[in-house]
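Look at the two complexes coming up: chain A is in both, with chain B in one and chain C in the other.
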Partner chain A sequence: MPRSNIQRSNVRYSAPNSGDAANSHHRIKILKKVVLVTLAIIAVRLFAIQIIEHDHWVAKADEQHTLLEAIVAKRGEIYMMDGDEPAAVVLNQTTYQIIIDPSVTEKDKIQHALATYAATYQTADLDEVYSEEGLRYAIIAKNVPKSIADQIAAEEISAVWFAKNNQRVYPEGDLASGLLGFVNADGIGQYGVEGSLNNLLSGKDGLLKSTADVNKVALSIGNDNVKIPAEDGKNIVLSVDRGLQKGVEERAINAINNTAASNASVLIMNSNTGEVLTMANLPDYDPANYGNVTDASAYVNYVTDDPYEPASICKNFAFSAAINEGVMTPDTTFFNQHYEEVDDWKIWNAEQRSSLYGTLTMRQALYWSLNTGSIYALKLLGGDPTRINQQGREKLYDYYYNKFRLGQATGIELIEAEGYIEDPNEGWGRDSTYANMTFGQNLKITMLQTATAFSAVINGGYWRTPTVVKGELVDDKIVPLGSTSTGIEDKILSDETSAMMREMLINNRDYKVRDGTDRPGYDVGGKSGTAQVVRNGAYDDTFAELVGSYIGFVAPAGEMPEYVIMVRMWGEGQSIGSGDAMGLFDDISNYLINYLKIKPGA
Partner chain B sequence: MQDQYITRRHATTTFIQGRNTVRHTRRSLGSISQIVIVSMLTLVFGLIYVAEGTKATSFDYEISSVESEITEMNAKKDDLAVEKARLTSVAAAKTSTVAAVMEDAAVAGYATE
Partner chain C sequence: MALGLIIIYAIGPMRANVLNNTYGTNYGTHDFFLGQLRSVLISVAAFFLAFKVIPYKYIQKYSKPIMITALALSVLLWVLALSGSSLAKCELGECRWYNLGPVSFQPAEFLKLALVIYLADFLTRKREEGVVGKWQEFWLPLLLVCGLSLFLVVIAQGDLGTGVALISIIFGTLLVAGVPAKQYLIMLALVLVVAVGAVATSAHRMERVNAWLDTLQGAESSDSTYHIENAMLAIGVGGLTGVGIGNSVQATGYLPESINDSVFAIMGETFGFIGLLIILVVFGALLLRMLKVADGTADMDRRILVIGVFSWTLAQVVVNIMAMTSLVPVTGITLPLLSYGGTSMLFIAFAIGCVCQISCYTSREVIKNEDISSRGRLGGSHHASRRRSS
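Up next, the complex of A and B:
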């Protein structure tokens, strides 16, 4: 191999300077220390974050990526009966509020959209809203249905946005408002069925806890996801008949318009089952706009919430007690001198005609509603026809309070007041108090208590818990709701007592048959009551204000009654006699026969 | 792994005539190769995990969308129920065109035997 001719270069490699090398080493050492210190700081901080402050940071992280929200239960709907079918009277609807920002000047577009789609829902005047300087938020329409909200949203007006809310809807308007009640802004039922059955109607909210992404979409990943479904409220079917309720309310309004009364309440119930068919309170209100009510008394269900003195209607109970004790019959006689003197008080009859002075039967006493007759029944209960005694008072108390359950809550599914029945022995003037109680004064009882007790008087003697709930609507079928009422059935009077009372009550209306008010083929019985009001601790003898009541039943001739109707009419400072209430009863009893197609008896 | 036979004829000092000596050695991956393979596997598994996670999330979005649709449909159903109730309400029936041409009810008559 030829020798290669390689030219060597003359490069000289010099050794590094020993001073520079020392400097470099020194810098590297410093750098190392800086790096180590930095790493140490990071390590300490990491330790603090990951170990010491672990829970705090985990919670912070959870806040960001955990979705936690309540699954709102749907409030139950309320139905009434329409014949044999349930008809919705309270429903739910998702509605929207239309909100605008007046600082964004799109007034013309908004005005046009409102006029085109939502004129009926507009709650604010646009000119007024836009005239207010600096306003950035104004609600201009409420309760707008989704379909209309969608149409307005499609207009893409930048100054408009929507707020969703769940609304309770009452398609029948103010029908039975005193019975139904309303739901307040917090979603809690108030008054009526909405209030008393709020727990059943409201259901139970569920819970959703889940890992979520930035769009707040619940993700299935994660170990702590929880989904508890909501339990919707129960759909409740009332025993009230919608058409009957409407017809009765119309008649009650007519009665108010044609008399001096400002208020009227009507209760119709099935005397054999305790089912309420109508519970009307006039004047009424629109539950969907309950806030517009200026007088809170409009919310009151006077049938259940307001104990009062039904006056001579209570003679039915005093007479029933005496007959049931075997000390009296309709033909028992007494001497009527138009008044009775008890505890140094003279208690007068309202009816003073001279032809009634003398010996009368108890049937006549009930017919003419003589207080002296009912006081005589109390004397007979005590075993001494000449005076009222302790035995008589105690027996009357036993019938009123323990048997007829007057002055006690009946156990219906509604909020109800109790009232009171005076003790037979404690207190001053027991004899005069109990004499008054025989004709419905010196006690406080509700219309519902009165009608329930009256049902027992005419139905063969059975006191049954009244009920306004027929059941729960499940898959379009009515199923029993469970124990919402006490469901008591108590035989308190004999069949004979009941039969005698029915005969006397039908006899009370013989002139109604003669004048054609009561139709042939039907047994209509009844009893009136006109109550004085208490002023300054005493009954007002000027009769400037009276409360008129009437209670009765309707049945095919010769058959057991099935329907009890009770009417009460009153007005502050107005003298409303039982004649006014009886007029309304007459109207309703005939309407009931037509509406329910009750066939005449033989 | 493939075994390789290496002749040791020249490698041994104690060569025996007529006899082949072989040394069995196993060819193994180098450390870099192992790192690369492990990384690749990790990457593949990671991709599979991400793909599955994305798939689950897409299902979640689908579920969310379906739930929104259910809510929407329920709202429409409620609207229709309200509309039906309003149209069949007693007040509506009373003011309907059908009711307008009806005659007032008279007292019903019943045949008696």
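Up next, the complex of A and C:
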């Protein structure tokens, strides 16, 4: 028993009594056990956490440490043409919101900084913000440019911080708002080019996957950091001419102010290429403050997205069809008795002067816009001058729908509505429907479809996909953007048909030459259209509300026309005749000649 | 200490970065490392001072003035804090430090050392007087001194962690001082009741207890379980071998107090299970060595002192690590010698220095006995366990 001997000797040496010391030794043994047991418990616990639950904690750590951050792609800018040079009409700007924590009492400093630098951007009253109890977050200024935000940041006020915004800026204000559209608060394009070309403009956001610290700052720790760079959006150059668009919009506003119309839409396109030079919708709105618009109809691009009845403008298409089929010439005659009876309906001419009663040429029918004349063209298409038949309907349908592509989306780079053309063989009252279609009622087509088809009528018979995009801007150069337009070119009418139509359309405006509206040295052709409005399922014969349209072309005398202008004016409950639309056309056609410096022909 | 230095070196820059980003402070990359290096150097100096320079006799002689000074410093801090003086440094509403320009000083750490020295002297004297266990001569003065210390630390400074260390010191020393078992257990029960009462009546302490219970049950994460969850996450991520020095992600701001109270968790992430096991073994060896020194010390005064230091170290190590592994609720307590924090390291280094001095002193006097006894004890237990298993 060596151990107890030692203890005894120790005890004798130091302690008052031996029992106490043995007790002390015993108690130290207890402490030793305490140490071993607790450390063992801890070791087991560590084994459980680090070895058994290891995967669980690693998964949790990934969840907590991994930062997935979108690298935001820069949205492309939008340009129009200024002569041959692109000119920016939609730009980006980084602006800042100023946010404060009112619980940090630095009101005087903040007030001073705001008053000194950013008074015009202030959106909230500081006294009001500070009077609200418990408020920790208040936006006090918006749209603050970087330079000013930097100045305020330099003041180093601890209660102030900044939130970055990417903002669209419109140097031309309201110009072409219906065409351009806007970008909503989520950064997504709405309406117009912003909406239809959103994918191209917005580009592709990149992705940053990394291990991050608690402040979401990426760390260099970890092996699975991923960086996919953002693809910035494309800078889109529109074919629209900025100056022409501006001039046309001014004239359209004048027309609205001087007539009962509340709305006007104008489309100018190159009849030989399909390029849109102007697409105006008025009244317009400020795309930078799109939220201020009270009626969402203000966003609508009526040129492409609102099918309607262009009325007698469609006589061009019925006439073209009959001429192209070789069953009619401008000199073909018919008997006009002011009305035509179809399916027991009497369809009347708008123009009923007695001098027109009797035998007339088709040229005269177009000049006076006689519905009886266009119905006669439909009869000729059917091969039976006495009545409308199935063959006539099918032929007209073939021309309207398949050749002129009316009632079909054109394929332009914009949001489009299709409209419709009635089937020639289904339903009841086919003959009267088709009779109506010859003068542009009982169908729904867009202004763009109409103007594209009209271009084919006058350009030698080529239907070409219209386009509003010239290309993308890369290093200040315009590069074609192949994928946006389908680019169809389809010869649908003979050269002769087209020539005859041009001759008749120019003839339509001979009185305009006489009264000096159309200047000598220029060929201006045109056709009006006045549509009745459907009320309770039938055309309203009181003419209380009418939609006025006019389409025409401008060319140096004796030359192939290059420009088609289409005008549409309307107002709810207002009787807008084609005369109002024609007035605006006259104004614009002359402005176009001046603006584009079109030289007179021989 | 070297290990602590490596860890602080590795995570100090991250800590500085996080603090700079979060609070707009301006810590340099190596500020924390240099701070820790300074603390380590001072602590090593203190260790050798206690080990080789100051004979324990002097320390023993001045035990009363030391205790009075320590209490006075804590009282003064309390008064300064109440009067709102800038000399008192407060964090999160608790004023535990003196603000002395570039350095700060935590009197509670000094109080732990002073209490160990004082109790060694006090309990020995009472033993010699033969009044251990008597109400008037023993318990009353003891309760007065200990009660005042605990009041200053737990109530005035709101430092429950140091309170736990003090209680551990008190009961550790009482245990070896030969207090009758019945009285000892009654006192222990009383303190437990008071402690439970103190926790139950304090909303913020109850929150920690609830957070701990929530974590144990695997309940939904919340703000209050954040600290403990992230400590376990750091340890769990470490796995068997750890992520390696400088690769700790939890240290980049996820884990609160990553360089002081939670440094064990960061070590777990960095060095893994093997690393932590080594740390545990080192601490275990240190603690057992202290017990051996105490056992082998003939002088009761010194024996109690060693047990005081042992209890102090044990409390800090066990409570800190158990909090990090969710075995007990989170309490603000540093891991001895490894955590960032100058005062804590300084005093425990000094205390261990004292133990080393005693151990040399002791082994010189009972050198033969100790050798024999240790061998015998090892053999005996070995043998015994074999017998049980057969």
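To be clear about the criterion, the second predicted complex is superposed on the first by the 491 of 602 C-alpha atoms of A that agree within 3 Å, B and C clash if a C-alpha of one lies under 4 Å from a C-alpha of the other, contacts with A are read in each partner's own complex, and residues count from 1 in each chain.
We adopt the following convention: a residue touches a chain if its C-beta (ideal position, glycine included) is under 8 Å from a C-beta of that chain, and two chains touch if they have at least 3 such contacts.
Remember, predicted model here, so these are calculated numbers, not experimental data.
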First, second, both or neither for A:Ile41, with chain B first and chain C second: second
Partner chain(s) touched by A:Lys597 [first = chain B, second = chain C, both, neither]: first
Which superposed partner A:Leu91 touches (first chain B, second chain C, both, neither): first
Touched partner set for A:Asp213, first chain B, second chain C, both or neither: both
Partner chain(s) touched by A:Pro171 [first = chain B, second = chain C, both, neither]: first
Contacts of A:His56 with chain B and chain C, given as first, second, both or neither: second
Chain B versus chain C as contact partner of A:Arg27, first or second or both or neither: second
Which superposed partner A:Ala124 touches (first chain B, second chain C, both, neither): neither
Chain B versus chain C as contact partner of A:Ser158, first or second or both or neither: second
More chain A residues in contact - chain B or chain C: C
Those residues of chain A which chain B touches in one complex and chain C touches in the other: 213, 217, 219, 221
Chain A residues touching chain B - in the complex, by the definition given at the top: 87-89, 91-94, 145-147, 169, 171-173, 175, 213, 217-221, 242-243, 246, 519, 521, 594, 597, 599-600, 602
Parts of chain C lying in touch with chain A, wherever the complex brings them together: 14, 17-18, 21-22, 24, 127-128, 130, 172, 175-178, 232-233, 235-240, 246-250, 252-254, 268, 272-273, 276-277, 280, 283-284, 287-288, 291, 294-296, 298-300, 303, 307, 310, 314, 318, 321-322, 325, 327, 366, 369, 372-373, 376-377, 380
Parts of chain A lying in touch with chain C, wherever the complex brings them together: 2-3, 6-7, 9-10, 13-16, 20, 23-25, 27-28, 30-32, 34-36, 38-39, 41-43, 45-47, 49-51, 53-54, 56-58, 60-61, 64-65, 158, 211, 213-215, 217, 219, 221-222
Residue numbers on chain B that touch chain A, as the complex places them: 53, 56-57, 59-61, 63-64, 75-76, 78-79, 81-82, 84-86, 88-91, 105, 107-108, 110, 112
